[in-house]
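Presented sequentially are two complexes of chain A, the first with chain B as partner and the second with chain C.
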Partner chain A sequence: MVILQRKELTLAERLYLPEILRGLSITFRKFFKKAITRQYPEEPLPKDEVTRGQPRLVVKDDGHLACVSCGLCEAACPAYAITIDGHEVDRPIEREPERFEIDMLRCILCGFCEEACPKDAIFMSDELELADLTRAELVYGIDKLKRPRSALQKRIDYVYRINDRWRNSSSTP
Partner chain B sequence: MSTSTTEPRAAGADDRSVVQIGPFHPLLEEPVGFELTVEGERVVAVDARMDYIHKGIERLAQQRTYDMIPILLERICGICSVTHSVCFCNAVEDLLGVEPPPRARYIRTIIGELERVHSHLLWVGLAGHFIGYNTVFMWAWKYREPVCDVFEMLTGHRQNSAIPLVGGVRRDLRVEYLPEARRVLDELDGQVRMLTEAVLDDPVLAARLRGVGVLTPQQVVDYGVVGPTARASGVATDVRRDDPYAAYGELDWQVITAPEGDVFAKAVVRLLELAESIKILRQAFDRLPGGDLSLGIRHVPAGEGIGRYEAPRGEDVHYVRSNGTNMPERLKVRAPSFTNIASFQASCIGASIADVTITLAACDPCYSCTERTIVVRDAAGGEARAVGDLIARSQRETRRIAAELGRPADLVLPAGGAR
Partner chain C sequence: MTEIVIWVVKVVVVWGALLTTAAIMSLAERKVSAWMQYRYGPNRVGPFGVLQPVADGIKFIMKEELVPAGANRLLFRIAPALSAAPAMLAVAVIPFGYTAVIAGHEITLSVADLDIGILYILALGGLGVYGVILGGWASNSKYSLLGGLRASAQMISYELTLMLSIMAVVLMAGSLDLRQIIEGQRAFLDWNIFYQPLAFVLFTIAMFAETNRHPFDFAECEPELVGGFHTEYSSMRFALFFLGEYCAMTVMAALNTTLFWGGPSVPFWPDAPWYVGVVAFIVKTSFFLFLFIWVRWTLPRLRFDQLMRLGWQALLPLALANVMVTGAVIALTAN
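Coming up: the complex of A and B.
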């Protein structure tokens, strides 16, 4: 056990009221300071293209998915979260996914799929919120994953810049 | 749970009772069970049970490729994410006999130190919370928040950087944000100094924490305690200095120690380490060299390697054995809390219940890292099982199983045997 010697209080401190007022003045001054808490979700979190949110599929300007269902992202995914079934199509691209599912409950937002994709078809968006009533709802299919290219453009530019991959702005039209 | 009286009430062996802390308890961030055998207020034995959140990560890692594993290992611990993935990379690089390029080493240093800063702030806050001093909790966590934001600015995620890779790093830091990171550090420097002075001067904290949960240097050596817990007992052990990895060998910083060994000293060591980490970060930002990010390792030959890493909680050790395929044959993780938790046998026996709760928290135990089935038992008539006893038991069991299988009793598994 430690025995501490208390300091002698001065007269002003012993009078009690001045000290109370001093304490309260700190409290009152805080009323006019900027609050440091964020009022989430009303006030959204700051995020930008560096934020690794959930992966999303790119829809090209012609309305088709950029994905050719090559399965590289499926193989790269450390969480085994991606399932792809592909089929052949007549367009020059020859293949597209019939089923492209990401189990968002398994996805660990690592960004391997983005890195693996040779067609720039999958990118990490800045979407972070993930909630639903059943587990089945959280296995996202193509309808929930696809985003127009413009929505992901900032991230796409960032990935190009950081990886310096093909040295021009983008490989898929 | 009974409230505090600092002087344990004397009582005889016949009025022993058992106090459960956990598996779910406000004191614990994670599920773990402590069973205190008490005589009156005095604790005479501590049992720990920690198999509530076993995730089987070592087994999972043996089914992943070398590129995937660092990402998986980030999930061992919610706080030391960089720790485990870089430690694994150190182990594989030891196997390969290579060293990552300078820029990669500096990036690893930066993310590792940012992690140490937010982890130590987290502990200071929690320690305040455990002794019912929530002002400290609020302040420390307020300061921690910008550090997590910096982590996200530089890597894309508040906790899991997804950056370490065998032979280097996967991505560059977001260098545009380095000035902003530096500004946050400058602010944090003053705040940490203020917090350190406030804690050192606080008569309440001193009265509550001095002389509580003392570990002597001899006990530190006996139990193999690591990290700030050992340094607070005056044992200057730090992997960053003793076996430098990343860029620590090139930077100027000090190992912080304190002689007392009590909970107060542990708090002081962590707070002073914050200042050292900020110093390391500043130097690393200044000197961040250019060049390659990774060696581009394509193949890991058969062999074995050991990686060491100074986690915020102490020395982390990973063992990797490769058989030449793209997945390791064996990965073994020895998290720092594993040895630190065993030291409760030394620091908690004889203390009062109220002191034991803060002593349990003082080594910053992380149960999900340590997760495995261990028994530390010393109750009436029971067997004493510290780490040494566990090892002895493990050897005994191995010999028994070997005898059953009719194999020689060494520790080598038969080829193609159970992995």
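Coming up: the complex of A and C.
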């Protein structure tokens, strides 16, 4: 139990007016301070490689997708946002996706697809803005998902660094 | 003929100025609150957001109008008008300048020079509360009803203080005519603030209560009553309540200027031209309008019992004592 001792107010405090004037002077001084609001569309959000934005597909330097449509990301996705149809090709990687769709309205940006991918084909980009007029427009196909490797390089390096840390750690269970 | 033209021009100018002030206040309220909280406030519509009131107005007109089930339709519809009209009418007797001479015509700068101007303003101030009570009662909602009831209790408590603090000034001037009151304060040292500082403090406090502004905005106390008397209102009728509130604030600020701060009198420049007087009046009134916003974003709301105790046990005895002392001093010095 705590017994609170109420402080006896002095006469000046009981008159209220001096205290009100003090309060007014405080708000008036705040009046001239610079606003700390970020003007969002003009002033973009700070981003770095840790930012886990929307997933994007890597386009290798030879112009083809790195994806071999193995379906591991599709299986890893907890929100069932990914749909893949693949087919065989004559190139050494033998398979590529014919259809690779991520329903951005379902995607929860968890990054499990990035972790699951054995081919370094899907990475979380720093793209965060997501708005459109219809639901259909927000189901992204290969056209909207593909990005050159250079655009995702920072994230790729970051993921490698994190994975190496776990791999080289002596205290792994 | 010229008489009528002058009269019509005065009505249009004063009424337009009042409505413009209300529009500016709706923006100023948000801007000042933002600056006091390290924010920008509305800054998207027009440069620095100055066209925000226009955008708000368009939005209000486009909104759907709802009348709740079980509401008294007639009273529900006329209540906002009853709340806004008295405030707009009250501005008619405010003298915003001395006498202007334009193109050979002598024009007294107020819409109407009533010899009972103060009585007229107080009567309309008392009428203003009907809109709030009727709006609350006709809505058929418990929050609205409580808001309306609180407003009426508050108005009765604080109107007494308001009238008694004005009475001290009336005793000084010996007239209910606002023009005579400002004529008596032409010189800087004759301003009533120097003779009636207590009446000024009491009037200013009662002014906040009378216009239902923070820290006395019990009629629309958001955390307890949702929106108070205007909970059920939407669209332009809601806007009309707000317009009424801002007009009442403007009238009260102008009245404060007139009663205590010399109205259009310019300090240390007794023979200033009439337009300088008008500017002085606008500057003084603007300060009190700013004070309304300033206090709103500084002080927390009182509790209802605190409001009643302050009104009846502190302000009313002080106001009575002030009137008695003033009367006694005037009676003694007259002989």
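Methods note: the second predicted complex is superposed on the first by the 130 of 173 C-alpha atoms of A that agree within 3 Å, B and C clash if a C-alpha of one lies under 4 Å from a C-alpha of the other, contacts with A are read in each partner's own complex, and residues count from 1 in each chain.
The rule is short, and it goes like this: contacts are C-beta pairs under 8 Å (C-beta built on N, C-alpha and C of every residue); 3 or more make two chains touch, one makes a residue touch a chain.
Since the model is a prediction, treat every value here as computed from it, not as a measurement.
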{"item": "Partner chain(s) touched by A:149 [first = chain B, second = chain C, both, neither]", "value": "neither"}
{"item": "Partner touching more residues of chain A, whether chain B or chain C", "value": "B"}
{"item": "First, second, both or neither for A:95, with chain B first and chain C second", "value": "neither"}
{"item": "Contacts of A:36 with chain B and chain C, given as first, second, both or neither", "value": "both"}
{"item": "Chain B versus chain C as contact partner of A:52, first or second or both or neither", "value": "first"}
{"item": "Partner chain in contact with A:106 - chain B first, chain C second, else both or neither", "value": "neither"}
{"item": "Partner chain(s) touched by A:60 [first = chain B, second = chain C, both, neither]", "value": "neither"}
{"item": "Chain A positions touched by chain B in one structure and by chain C in the second", "value": "36"}
{"item": "Interface residues, chain C side, partner chain A - complex", "value": "32, 34-40, 201, 294-295, 297-299"}
{"item": "In the complex with chain C, residue positions of chain A that touch it", "value": "17, 20, 23-24, 26-28, 30-37, 39"}
{"item": "Contacting residues of chain B [partner chain A, same complex]", "value": "6-7, 64, 67-69, 71-72, 75, 142, 145, 149, 152-157, 160, 162, 170-172, 174, 177, 203, 206-207, 210-211"}
{"item": "Interface residues, chain A side, partner chain B - complex", "value": "1-2, 4, 6, 36, 46, 50-52, 76, 78, 108-112, 115, 124, 162-163"}
